[in-house]
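Below are two complexes that have chain A in common, paired first with chain B and then with chain C.
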Partner chain A sequence: MLAYLARRLVRLILSLVAVSIITFGLLQLVPGSFSELAEAGTSELGGDASATDPALTERYGEQVPAWEQYLTFMRGLVTFDMGPSYRYPQSTVEELIIEAFPVSLSLAVPAMLLTLLIAVPVGVMAAVKKGKLADYGSVFTLTTLQALPGYLFALLLVLVFAVWLGMLPVRGWAGPEYLVIPVVALAVQPTAMLARYVRTSMLEELREDYVVAAQAKGGRRRVVLVRHVLRNSLIPLVTVAGPLFANLATGTVFIEALLGIPGLGRLFTTAARTRDMPLLMGTTLFFALIFLLMNLIVDMVYGLLDPRIRHQRSSGWRRPKPPRRLLATTSRGRGTPGHDAPDRSPAAPGDVEVARP
Partner chain B sequence: MSGEPLLSVRDLRVAFRDRSGAMAPAANLSVDVPANGSLAVVGESGSGKTVSMRALLGLLPATAVVSGEAHFGGRDLIGLPEPELRKVRGPGIGMIFQNAMSALNPTRTLKVQLTEHLRWHGSCDRKTAVRRAVEALDRVGIPEPDRRIRMYPFQLSGGMRQRAMIAMSIVAGPRLLIADEPTTAVDVTIQRQVLDVLKQLRDDGLAIIMITHDLGVARYFCDDVVVMKDGRMVETATMKRFIADAREPYSRKLLDAAPDIDLRVEPDQSPAPSDRNQLLQARDLVKVFHGRGGDVHAVDDVSVTVGANETVGVVGESGSGKSTLARLLMRLVEPSSGEVTFDGHDLLAARRSELHALRRRVQMVFQNPYGSLLPHATVAANIVEPLRVHHVGTPAQRRARAVELLELVGIPVHRADQYPRQFSGGQQQRIAIARALALEPQLLVCDEPTSALDVSIQAQILDLLDDLKHRLGLSMLFITHNLAVAQRLCDRVVVMASGHIVESAPSSQLFAQPQHPYTRALLAAALPVRSDPPPWQPATSIDTRSGELVEVTPQHWVRAATPVPEETP
Partner chain C sequence: MSELQHIPQGELGRGWARFKRNRLALGSLVFVGLLVAVALAAPLLAPYSYAEQDLTGRFLPPLSDGHLLGTDELGRDVFSRLIYSLRTALLIGFAAELVALAVALVIGMWAAYQGGRVEQWLMGFTDIMYAFPNYLFAVLLVVIMGRSPLSIIVAIGIASWVNQARLIRAQVLKIKTFEFVEALRSIGTSGFSIAVRHILPNAVGPLLVTTSFGIPLAIIAESGLAILGLGVAPPTPSWGGMIIDGYTYVLGNPQLIVAPLTLFGLTMLAFTWIGDGLRDAFDTGEEDRA
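And then the complex of A and B:
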């Protein structure tokens, strides 16, 4: 278990380094820098203090070579001292992120809960009523909603609830009532996607013989659905819900911009627009970290939920024998199941029989 | 067998209502099952066997319309309200399925699955339920039941899993078991074990309805038989009379198609032509898969040859490495070590272009015909695909070749532009064979080509292959788990177990004088239709790994620790 975790963490760090190199490299290639934009007098860049800030000049000034700038930044990343941003020279990059992240999080958590609360029952209902009006109706509605961008939906909500009914504030960030519109708007597309996913996953499980077997044992339909089918079909849901949550937690550019919410999304767009290298690197790496961590958590949770994966891993963990290569082995063959993609085909679990308690 | 039958089905009719409201009849059945009786429901796929049995318990989807009567325990099951019917399912009638991997929920322990319905029925508390579940596991012959009950289905071996599922259906104490192809998905030796568990249950007083397509299983297990075809009952009879004197032409056709191993063949004394041209030669092949749970020696030190115009059968149970061997021989999988030559060319050293040319001369037929055909290409396009890949002929010539091949395998030429899904399984396999023959290969590698097909279709495909073999002078490597099929078709048979060859001999000799205990166990486990099954005791573990292959008589090789004396019949 620990060895597995360690292996995953090493890979996570390597991924982060790769992301940092690619981002920094792209920034070097893109024409225009913060100072050039500032000198050109682009008004929205707020002041020219950045150009003269001694701390900045020392770190990322014209005379400093690019690789040294990169190393300086990475050193700052490790020691958690990424220095000031170009755009906001009075505060450091880490301060800006720490300030914006809770805002995004306070949108992401309720949006995620709302998504699950709606998507799971709707998906289950559509699967159980497959081929009936309830199924067609919900699938049609979901597909339509999925095609509708969240920010358009936000505008619609603003129009109805803020402008016509006057129940909610139009935009801003000053209290719980400001949460309602963005949370609902954020949840729409994921809900539609997840509900369809639950439906497909349920239908797949419903085809298995164990459903008939449980009914043949005398189970009520509802009991069989909940105890066996729903439980199993929610396991793969974790793999979708994880990245989805990461997506929500890293802020959503359009809705934050539209509704004036000071979240990570807005921070990121500002950084990108102004070529604010430290801030852009900081936010990008933070996003990457969140996604990678979510993936790691998903994999761990998957193992907890699905005993097949759990035992497959534990048998691997217990016998850390290095693969012995014989003469002409170029392919590793079918004996190595990809650990990221749990094979749920009926034939697959046969490989797992080596597990012992 | 006295008085009232346990289950009495009268004019049970099942039909499925389609979207437009039209009814498609699926089954029509009238049978009696006495207490402690055993009835075989026999038929090919789509004959309505499963549908009619599930209809008894109301387990069909809502589109099914069921009518008729089915008296069980003094009540008519058809039309019984759902809550009442639920009391019959489990404590009254239990059900066993074909594939335990699917019929057991993979994410719950046996304990949950064996005890939950006892509590749904309110028959006992949790502690008693667990005790009864352990007893049930013990009854079906699972060792250490109180430890195994905490396991998940995937932690059990195939045979053990099948028994656990049987335990699940008997734990509530039913008087009738409906077994739906309980041994179709398992190996022959396990099949015998599972059937013997069911026999034991019968001795304890259960009645069993066995749905099967395998007449050998039906004969071994059942007293009475019902033959179904296209949803109709063709014949009912006692098993003895049915085997000896089936009345209906369809029943006789089924009986004729059933392949049996003939153990009484005289060993062919005429020396086999040993000067045959060796077409394919493999020496000391090894394939090791490096898995997470350690290395798996899928194929270990295997040498085979296939001569010109020779058909070699590779027989073994699942996991014996026979399919891997086929893939190694074609270099679809790189061997870990060893060598393969085809007609003098070193297949493993061959470069891309040379390999390309060599592969033209070896073609393959797979188990699942639909999976091996391109679903979005017409039949003609599927057949000419190899020609296209190897740049043979003009489009018009290829088309002509496709027509020729379709005629050869007996598919109506006017259907050349239809898609694979419009054909039945047997026809799809014919198309796959036509495709394999398109390049006029010298060697055809067939990997279980008839295992997914019904018995009568299987017989047709085997006839076709036999015919093609002689007409086209093909060599064949024929992989199968079915000894009877191997005997039917092959000149020489290689028996594999756990990645090794345990025995290899000319067909006539192998079946007349099997030498290795494993081969004997395989032969003994098979259930013939026309004769009584040979005596069989559950094989304790047979050593298939150690020892060396020794030539006991000319061309008859047996794996043995010490050389076997010449004369051991």
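And then the complex of A and C:
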């Protein structure tokens, strides 16, 4: 297990380095040197171009070759000193990220809870009523909901609750009432996706022999369903819920931009629009780190939850293909993650070994 | 003999026969066809130009003075802008998906067919692309390439091929094990020819399904970019742009948002139902098979 963890950590670091190189390389394609852009950025925003921080010029000035800028940045990443941002020269990149992250988290955590609270019962209900009207109805509704992006729901909620009923604020970030619309809007798509996943997972478990055994031994339907089937079918849920949370915690970009929420997504967007290179590098790597860490945690937790699964030697870069049953969902929901989770279903090939008695 | 001729031949024909029975999917297809027609005929249908401003007639309510859906904050006709925005959405949606599909086809098929080291490298690269959170890569690319329609198409396409490449690879890996591939190889058909002329036609169903789900995602990305201020440059209308512009005045003039929101939502639903219909028709999704 420890060796596995070590290998995974190495892979995580390699992935981060790759992401940083790609990002930095792409940013090099933007014409003009870093500090020129910095000046353009500040004067565009009404700032004084001559007041550019000397620390910026020293780090990203014209005379500094690109590879050195990259190394400086990466050193800063490790020593937690990424230097000032162009747009906000008085604060450093890490300060900006630390400031914005709690805002995004305060949306992501309630949205995640709401998702689980709704998705699990709906999924169970659909599975239990398999083939009946309630099943068809909920599957149809879920598919439909999953098709609409979160920002459309945010708009819909704004129109109903802010404009029509006047109950909630239209935009801004000043109190708990500002949380309602973004949290609900964020939760809709993940809820639809997760509920369908719970349904599929439940149906799969229901076919297992132990269900028949439990029923044969006189277990009441409800007890069998909750204590045996549901418990087992929630295990694969971890693989979806982890990346989902990473997605909520980082990528609320559109909703944050629309509703004027000063979270990570908006930090990234502002950095992109003002071409604030250090901040852009910083946020991109932070996002990638959260995604990769979440995947790692999911894999670890999964091994603990399901003792049938042992982590075997993972072969270099290759990851097993995603579960077949998720592909359909995946192809529609690139906005929703979870498809990079390895397949842990017992039939899956790859670097996860299933030991059956 | 005559009965036999009624059985549609080929993967596509059989899929279409099944697809036709799904009323919702068929209706959606008709709706999308209608949208395409409207987008193509935009100059004929739009009563005004999408950029024509009339600062004396700002925020006119719907149905007033020849403006079916009223006017926006610059006095532009909302109905005309809506028709033209359909052009933006569909053009970028279809084209970006085409770019993504092309990249995914090359990488997915090459990886699956070649195997070995090539596959490891290609799939490793796909993994790295996964570490970029959704849409962020598209934002990065637009920042680099600018806001012209072409660069937005390329940016969205490049940012969204990863899933499709994985799917194609999985399909090719499956088909590769079929006996006819072995037979072809035994008679000396070249690898390229097998992949393109024999494996690809057999994967047409799953490809259609991914495409039909990929187009709405590209449209969502395009409108999202516009919301971030990185969409097509004004005055070219796009749903995201209309939404973010109208949002400033949402309390007094909610109709400015309702119009693009409705059309946007309906379009998304139509594409999803088409995708669902295709998936059932080609039986590629195992999701609901229990």
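The criterion applied here is as follows: the second predicted complex is superposed on the first by the 286 of 357 C-alpha atoms of A that agree within 3 Å, B and C clash if a C-alpha of one lies under 4 Å from a C-alpha of the other, contacts with A are read in each partner's own complex, and residues count from 1 in each chain.
What we mean here is this: a residue touches a chain if its C-beta (ideal position, glycine included) is under 8 Å from a C-beta of that chain, and two chains touch if they have at least 3 such contacts.
Please read all numbers here as calculations on a predicted model, not as lab measurements.
When both complexes are overlaid on chain A, the residue A:250 reaches chain C alone and has no touch with chain B.
Look at A:105: by the touch rule set out above, it reaches neither chain B nor chain C.
In the superposition on chain A, contact of A:23 is made with chain C only, not with chain B.
Of the two partner chains placed around the shared chain by superposition, chain B is the only one that A:209 touches, whereas chain C remains out of contact.
Looking at the shared chain after the overlay, A:228 reaches chain B, while chain C stays out of its contact range.
Touched residues of chain A were counted for both chain B and chain C, and C has more of them.
When the two complexes are overlaid on their common chain A, residue A:220 makes contact with chain B while staying clear of chain C. Contacts of A:306 after superposition: chain B is touched, whereas chain C is not reached.
By the touch criterion stated above, A:180 is placed in contact with neither chain B nor chain C. Shared contact residues on chain A (touching chain B in one structure, chain C in the other): 316, 319, 321, 324-332, 334-335, 337.
The part of chain A that touches chain C in the complex is made up of residues 15-16, 18-19, 22-23, 26-27, 29-30, 130, 139, 143-144, 146-149, 151-152, 155-156, 158-159, 162-164, 170-171, 196, 200, 203-204, 206-207, 246-247, 250-251, 253-254, 257-258, 268-269, 272-273, 275, 280, 284, 287-288, 291-292, 316-319, 321-322, 324-332, 334-335, 337, 339-340. Touching chain B in their complex are the following residues of chain A: 208-210, 212-220, 223, 227-228, 231-232, 235, 305-308, 311-313, 315-316, 319, 321, 323-337, 346, 349-357. The touching residues of chain B, when paired with chain A in their complex, are 54, 57, 59, 86-91, 94-95, 97-99, 101-108, 116-117, 120-121, 147, 150-152, 154-157, 165, 168-169, 172, 286-296, 298, 333-337, 348.
Residue ranges on chain C touching chain A, taken from their complex, read 120-121, 123-124, 127-128, 130-136, 139-144, 160, 163-164, 166-167, 169-170, 209-210, 213-214, 216-217, 220, 223-224, 227-230, 243-244, 247, 250-251, 254, 257-258, 261, 264-265, 268-269, 271-272, 275-276, 279, 284-288, 290.
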